[in-house]
Every structure is written in structure tokens, then in C-alpha cells.
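Here is the structure we will look at.
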Amino acid sequence: MAKVMSLEDAISKFVQDGSTVLIGGTYMTDEPVAAAHEIIRQGKKDLTLVLGEAACMVGDLLIGAGCVKKIVSSLLGFMRLKPIAPRYRRAIERCDLEVWEAEQNHVHAALRAAAQGVPFMPTLSGVGCDYHKVNPDIKVLQDPFGDRTVNIVKAIEPDVTIVHTATSDDWGNAQHGGSLHYDILSCRAAKKVIVMTEQVVSYDHIRKNPDKTHVIGYNVAAVVEMPFGAYPSEGQACYRYDLDHYREYLRMAETDAGFEEYLDKYVRGKAHNDFLQLAAGTNKLLELQTGVH
Amino acid sequence: MDTGTVNYTIAELMVCTFAREIPDYSVGGVPGVRSEVPLAAVGLAATMHAPNLVCLTMAPIFAAITKEQLVLTGFTSEYAREKGAVAIFEQEYMYDWLHKGVMQWFFGGAMQIDQYADTNVVCIGDWHKPKVRGPGGAGLSAAYYAHRCFIWVNEHSKRVFVEKVDFISAAGPRSKRLANGYVVRGEPMVVSPLAVMDIDPATERLRLKSVHPGVSTDEVLDNTGFDLIVPDHVPQTQPPTEQELNILRTEVDPKGILIHEEPLG
Amino acid sequence: MAKVMSLEDAISKFVQDGSTVLIGGTYMTDEPVAAAHEIIRQGKKDLTLVLGEAACMVGDLLIGAGCVKKIVSSLLGFMRLKPIAPRYRRAIERCDLEVWEAEQNHVHAALRAAAQGVPFMPTLSGVGCDYHKVNPDIKVLQDPFGDRTVNIVKAIEPDVTIVHTATSDDWGNAQHGGSLHYDILSCRAAKKVIVMTEQVVSYDHIRKNPDKTHVIGYNVAAVVEMPFGAYPSEGQACYRYDLDHYREYLRMAETDAGFEEYLDKYVRGKAHNDFLQLAAGTNKLLELQTGVH
Amino acid sequence: MDTGTVNYTIAELMVCTFAREIPDYSVGGVPGVRSEVPLAAVGLAATMHAPNLVCLTMAPIFAAITKEQLVLTGFTSEYAREKGAVAIFEQEYMYDWLHKGVMQWFFGGAMQIDQYADTNVVCIGDWHKPKVRGPGGAGLSAAYYAHRCFIWVNEHSKRVFVEKVDFISAAGPRSKRLANGYVVRGEPMVVSPLAVMDIDPATERLRLKSVHPGVSTDEVLDNTGFDLIVPDHVPQTQPPTEQELNILRTEVDPKGILIHEEPLG
């Protein structure tokens, strides 16, 4: 039952071709970027990629690299840097990507249903909208206790959820360094969880602040220690995001050729430490940590 | 824009217009993407007249910020980060508060908006083969469950203000009513670079509320793809006051984020 | 918008005859006992009493004192001291109390629906059981995406939820001293919240541990500072429960006359401090605090 | 009870019988009311053979307790309190884990249990005018969504083991199946003061699995209000070993809670 393992082993064991994979974190924060790179390196295919919130870098990378068959997300963009993620946009406009078209609350509802073990979940969002016309997992239902309608959404239970945390014990009791994103729900909804953490700490260390233990080890299958694993996104309480690298990515990802060049330069055949060295280097990494702790 | 006395940008005018509509002690929220205008509006309101407002910000730090003066930074998140959150909770709870009717106001954006204030951020053209793909529906349908939905649109043209949106990603009051929706709130207030619009209760259609300084009613109509309701008297949008601009530039947005295209890393 | 007020004012303003009132806390822990006493003193009638979990002392007191028309709870007992609360049992066997018969998950589901603003909530609990035969707010529904059935439960939105916390700021951002019971859900589901707290502290004090702020002030209507407000139950992080007083209550509450005697002795015409003095006294109160902080 | 070598109580026998069924590395839970038997079983299992089990306890402190030896105290809560929780979370999440099928085992009690292992803690007699009111359904219907449901019954008589319960407050596998329930798990194991019972897969009815030392099959049948399935060979329930009793009395239950009627304040 040893859960602590390498990223390579964790991805190889728990992400299969065709898996439904939920990636945690959110815009440029706690994005499990190292895990996305590893999924690309292992050439996983036909994934249903679920984004609790818009983990933009990992989402766009996985789509661009051809790992994703279907995307479940209400949004994919890089905030002010670029409201629409380039590979995502291109893939949809080329009809290369199946889209589970939804409002954010449809995604919540699908995950809440899975977390609660029920087959569907009602929500007010989407009533009067067009989502149910293009997404068979969203239906209009009349309230059986009244006459108004709601949207109901079919449960989505990820085979595996991958989150990035500041700390974790070796059993997968893990703590974020600030905001929770949708990571609690994302872990509760999943069959299995991979915790990618900046630092594996002792059980007693975690137990000092039980209020902060938002990922509970019961369904954690793998704990991967990976310093700067969220780079270039922010690793909360550990380091800031690196806007320069996001900008470089967005420049390169504008074109097919540029995106391939990006993968060759930073991902394919590169260990995570190579990526850190190439993209940031020691001085930059230290600078990103300054004043955060 | 030069009105003779004070120079200001369209973004600053939009910020001031929204800020005046945010009451003290109200609870509202701002979405996570490109939200410099709403955030500045909230910051300005908090400084000018609403020190007790509560603004929920989105990703990456999600937190209730109360009784705090807000300072605009590069990303939404940094509001909370710089000042320190009083609570950290599961992000989906904010949407619950919208659906429950707790939120007095919420901001929303749009790629397209039509005569019934239905909005679209999903796609232009047929969904199955879109001409332009939008970022996706986000939480904007939920935003319409706030008592007021503040919609800011960065372009006033016939390709944005359309007869009927290509995909209803957020349903205005009429579409919710026709679908027999459970709760109808979400009175829209739309601010574009040219004008302010709201909903005419009788027809449920958008009507002109005021035109910005230097803009004529005809200019608005010429750039609107549907029959905007025009009242007999259309006042001018009140321009930013010197005090508002001063607070905005020195306290709320000292880094000048509103006039930058990109965040200041 | 001053929220800090006396218990008398808070109950008088926000609890009306016929109100749906949710009482937080759980078995002998964080039970807002002082609030129950005040509701009895003010002679509130026809309440629908919702217990997120079995806040046994307050539930049994309010039922015994005739304040409650309908009880929404899956259970009312005093754990090992007495598995079934005596006034509750007596009232039901005399048909003096309307019972919203339910499993614990039906109660959650009703509150979750209210918290999410939807008219109903599905749950797997209750399938194959008899609850829906006696409770019109529970129905059997076939999953619209499949052929299995679930129970669905109509939303219950309390007019007011009353919780006991260790600390609160003057706006109602409040922190528990340990377990959360169902208090987060109970507050999220309510129209308004009364926070009864051991100590009103500064906003900055609360903000030191935002992970612990589980009651958020947005729908808090009243903040009542009430030291030992949960006595004889445990006030988490402040004092232990007083089993002696629970035992005295259970002895007296066995009979109608005994229960009336209890109310006369401890509740009617008594301020909370009188009750503390009569039931415990200084030495006992100090002893209950020992070693807790 | 004296089997010639070691003296033990029925409660201790029940504790040992359950403890042996709790696997290492398993995740399970214990309800909040009168749960000294289940808690002691969990503590014994954790000490004997399952140091990595995870037991979720209920009120008042709700917390995941992992990799900890448990010490029985007056109330469920004090497990967590004395040892310190590793996580504090919303109590309703535990029920979600049951419904989701995450929990390998969960304990449940009963006022009545029938031949299909439907149980009742709501009322004796007609619900509209009950002869005896029970404490209420609690979370026991959810407990049947654990992979195994450990049911402990403190009295083995015809008023407890009935043909049909007066109110189904927790539905056994057959009733869930007939209702076309979404998930059927919850294989019951029932331990009474006389015997151990489980479900016969073919008929979905309760069958005798073992009789406690000193109890005959006839004594069980005479005190059971329905036709209990009796296999050709009915073994004896394995009595507590000296080691089990020693650990139980000195490490798990040093205060002797199991033999007290009331908690030791």
C-alpha cells in the first residue's frame, strides 16, 4: 500500500488511454503542469479531460498534444493574457475535439452527483439556455414538487483526479497553500486521486492543522513529491506564477508549428528538472519564491 | 475622451457608471476572466460610498473580502492575496449563493448580446461548426440569478449587439420565464463604450438608458443590430467626477491596469 | 447594520411564531442551549424545528415546552445516556408532534437543495424504505438518465439557523472550536443566521485563520456574545459537557410534572447567568474549562 | 459467559466477532449513538491485525482517524479528541462516501430486523400511532451502501427478530433490489447475543452462520420470529482468545466502558 511513488509510475499506473481524468487547480494557480507533461510524454490518448475550473496551461497542453478526445469544462482561457486558450480554440474550430458544452455549474453538478453517489444533480443554471440542446448529459426536468423547471446533469465520476498541493503526508492527507479551487469537490468525485505535492511531510505535521486538510487520503492512490511541480503556474504558499513563460507559451502555441516546437523544447524527452532549468533557471526560480513563504 | 473639463478613458467611464450602482452593505461578485473593469468598479464603490460592501472574487484565491478597500492588481486573485481573505471556502459555494438569491449584484461579460439580454460566450455561428469559438459559458448563466446582473461589453457594434445570439449561454429574464425557470431575478444593466441600457419591463427588451458624453442616440442605434427601445428623453451618462477619477487613479488603480492590455507581471 | 445584539433581541427579531428554525450543534456539543431557553421564555409557538444533527438538549427542551409544531430530524436521543429523548418520544406517542419522518440523508438533501437554491435533491438513502410513504416531501423518482430509482427530497430553507461558535467577528464571520457538525450546511441553507458565540473578536483575529471561518457573515443577521451559551453541552475549545446536568435533566424530563419543574427551576424567569449559577456554579464552570484551552 | 477457560461477556464476544471481519487498509465507519461495541471492535482490529484501517467516527468531533490505535472512551467523539484528528470536514461527506461505495464496512443497530435484513429504528406499531417510538432513522439506510453492513443487536428475541419490520428505516439488499435501487451493496452480517447471521444469496434471507458458545440452534430458532435458514452444519462462533481479551481490556477499553451502562463522565 505504499502510495509515495514517482510521477512516471503514478501516471503509468492510474491514467489509461480512454480514462476520464480531472485536472485540479485553476487559472495559473496550482496547475499540475508536471503531470500534464508526463501524460504527454507517455503518449496517453483519447482522454476525457475534466477541468474543475480552467486549469488553462495543462488543459491547452494536453489538447494541443492530442491526448484529449473530449473536454468537460465551462471555459478554457488564460485570463487577461489570452481569454481563449489557443490550442483549445483551434481544436474546436477544426472539429478535432468533442466538447461537453456546459456552464460552470453543470460541471459542478456532474461532479457533485458523483461525489454524492447519485446519478444526477439539479441546478438552476442553464434554464432558458441552449446547453441541453447540444449536450445529452444535460436535461430539462420539471420539479416533481412544483411546476418550474430545472436543469439536471448526469454524474461524471473521474477515473482519476490529479491535484497539486503544498504538502501531503505519505497517505495522501494533503493541504493547499491558500485557495481551494474546486479541488475538494474534484477529489470527492473521483474514483482515485493522484496528489502531486511540493513536499511530503509527516502525518503529525498534517495533523497540526486538521482544518486545512482538504484532500483526505481515503481515495488517494498516489502521492508524488515534485518541487515546482506547478511551475509556471503559482504553487500556492511556495512560489508565484511566471508570466514570462506563459507569454512564451502563448506566443508559440498560436501556430501548429510553434506548439510542436514548444513541446520539443520543453516537454518531449525532458525531465521536469530539465524543463525548470530551460524555462526558468535557478535565479528565476529563487526569485519566484521570494517573499511567498 | 475629453468633455472639456476632465480627460478620462471609456474604461474609466464604465467603471464609474457601475460603481455608482453598487450599494453599501450589498453582497456581490466578480468573475475571474478579464475582470479589471468590474474589480475597479467595486474598489471605487468601496472607497466612495460603500465601505461595507462584500465582494466575492474568483480564481485563484477565492475569498470573501469584507470591509476592505480594494486595490486593483494584475489578476483578480491578488485582491484577496494582498489584503488577506477572511474566509476560504469551496469555490462552488459562490454559485450556490447566486442560485439562492443571496447576491445583490454580479458582473458578466458577453461576446454577443441580443434584444432580450440573452448573452453568448460560447460560439459565433453554428455550434457544430463554429466560425469563432468563444471561451465557454463560464458561470455566466448563474450570474443572472443575482438580483442585478451588470454586463460590460467592450465593443458596441452590430456583431456584438445582435437580433438573436447564436447560442444562449446565459438566459435573460424573458428566456428564463419562457422556460418556466424556477427563479427569475437578474435584472440586467448593460454598459458599452457608447451607452447604458436596461430592460423595459413591459416588453422585456433592452432599452437605452443613457448615452455617453459625446455620443448621439443615432450613433448607438446605427451600431446596434436590433430595435433598441428609445425613450422620449435619453439623458447623458454622467461622466466621471474629478473625485472619482482621482480615487480611481491613485487609490484603486495606481498601477494603471485599466489602460494596459496585459497585466503588469 | 449593527449585528451584535442581545440574545433577547435576536430571538425576538428573527424567530417568529410559525418560523422554520434550524438548531445547529450536535449531541451534547455546541448546542445553542441559551437560545433554546430564550425561545421558551418568549413563548414562541408552532415552530418547525430542524435539527441538522441531533442537538438533543435543545430539541427536547423546545418540544417539551410546546414551542414545536413539527420536527425535522432523523434522530433525537442523548447517546448512551438515553437513546431516545424523553419529551420527543412522549410527544410523538401522544400524537402531539408532527414528524417529518426521514433518514439523516433526507435531512441533508433538503438542506443541500436549499443551500444550492434548487427545489429538490436526489439521494440514494431511503430507496426501498418506507419514508416516502409517510412523508410527502420525499418521493421516488426514476433516474432520467437510466432506469434505477432514487429518493428525491423537497428543499427546506430555514427562516433562521442558530449556531454556537467559539469566536465570531461583529459581522458574523465565525469559527468553531473543533468539529463542524452540520453547521456549514445549516448556515448555507438558511435565509438568516444567528451566531451565538463565546466571544466576539476582531475581524483581524478571524482573518489570521481563514481556513477556520466556516460561518461566513453574508447571511448572518445577529451576533450574540454569550459565554457558556452552550452549557451544559460542550462548547468546543472552551469547556466540556456537564454530564451531571444532563442526567438531572433526563431524570426530571421523564415525567410531565418533572419537566415543568425543570423549566421553572432553570428556564422560566431566569437569565442565562442565573441558570449557570443554579445548574453549575462557579467551581463547576471553572472545572469544565480546565485543560480545554 | 464461561467456556471453561476464559470468562468474557456477550459484549466482548460481539466485539471480537466484528473485529475479525475488519481488514487492514480498509475504510469504514461507526455511527454516533450507543456505539461502544463497534468502537471497541475497531480498536481491537486496529491493534490486532489492521493497523492501517481508517475509521470515521461521528458526532461530536467528526474526523478521519488513520493509523492510530483507538482507545475506547465515554463517547464516540472522544476517540478523535484524545488522539487528534488529521482532518475536519463537513459531516455529511461521510454519507456521500457511503453512497459512493467508498466505505468497505459500516456499523448499524436495529430495534427490529426481519428475514430480509430490513431494519427498523423508527417505531413499533403503526407509524401514525406508534406503540413505541424509536429514536429515528439516523443514517442507517446509508450504512447499507457500505460493502458490508455490520449490524449489532443487543437482544435476540421474537420482538426484535420479526417476520416483517413495522417500518423499513434501512432497506436490506432485497428491498433495494425490488425498489430498483441504484446501487446494491451492503451485505449484512448480524451479530446478536445468541448467534451470527448473514444473507443466503439464493433466497436473500437471513441464515444462521454460527451460534455462540453454549447456545443451541434450537435456542436461536425459538427466539427468532421468522424461519431462519439453517445450514446442515452450524459451527460455533469462535470465542474471544486470551490475547484478544487482554488487548480489549487493557488497551482498547481500560475503563471498562463495555460493561458500564452509562459513560464514565
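Here the chain labels run A, B, C and D in written order, and each chain numbers its own residues starting at 1.
Keep in mind that, in the parts below, a contact is a pair of C-beta atoms (placed from the backbone, for glycine too) under 8 Å apart; a residue touches a chain by one contact, two chains touch by 3 or more.
The model shown is predicted, which means the values in this text are computed figures rather than measured ones.
Peer 1: Which chains are shared contacts of subunit A and subunit B?
Peer 2: Both-contact set = C.
Peer 1: So using the touch definition from the top, which pair is joined by more C-beta contacts, C-D or A-D?
Peer 2: Of C-D and A-D, more C-beta pairs in contact link C-D.
Peer 1: How many angstrom lie between the CA centroids of subunit C and subunit D, rounded to a whole number?
Peer 2: 28
Peer 1: When the centre of a chain is set as the mean of its C-alpha atoms, what distance in Å lies between subunit B and subunit C?
Peer 2: 40
Peer 1: What's the distance between the Cα centroids of subunit B and subunit D, rounded to whole Å?
Peer 2: Once rounded, the distance between the two centres reads 56 Å.
Peer 1: Using the touch rule from the top of the page, what residues of subunit C touch 2 or more other chains?
Peer 2: Residue numbers touching two or more other chains: 116-119, 123-124, 143, 146, 148, 150, 211.
Peer 1: For subunit D, write out the residues touching at least two other chains, lowest number first.
Peer 2: Each of 63, 88-89, 99, 145, 182-183 in subunit D touches at least two other chains.
Peer 1: Which of line, ring, star, complete and other names the graph you get from chains that touch?
Peer 2: The chain contacts form none of line, ring, star or complete graph.
Peer 1: Pairwise, which chains touch?
Peer 2: A-B, A-C, A-D, B-C, C-D
Peer 1: For the complex, give me every residue of subunit A touching subunit C.
Peer 2: Going by the criterion above, the answer is residues 113, 116-124, 137, 139, 141, 143-146, 148, 150, 152, 154, 209, 211-212.
Peer 1: For a test of understanding, state which residues of subunit C touch subunit B in their complex under the given definition.
Peer 2: 1, 114-119, 169, 171, 173, 188, 203, 206-207, 210-211, 213-214, 216-219
Peer 1: Over in the complex, which subunit A residues touch subunit B? Could you list them?
Peer 2: 26-30, 53-54, 73-77, 79-81, 83-85, 88-89, 92-93, 95, 101-105, 108, 112, 123-131, 134, 140, 142-143, 146-150, 178-182, 184-185, 234, 236, 243-244
Peer 1: Using the touch definition from the top, list the residues of subunit D that touch subunit C in their complex.
Peer 2: 32-34, 36, 59-63, 74-77, 80-81, 88-92, 95, 99, 118, 122, 127-142, 145, 167-172, 175-183, 262-263, 265
Peer 1: Per the contact definition, I'd like the list of subunit B residues that touch subunit C in the complex.
Peer 2: Within the complex, subunit B touches subunit C at residues 25, 27, 52, 54, 63-64, 66-67, 84-89, 93, 96-102, 145, 182-183.
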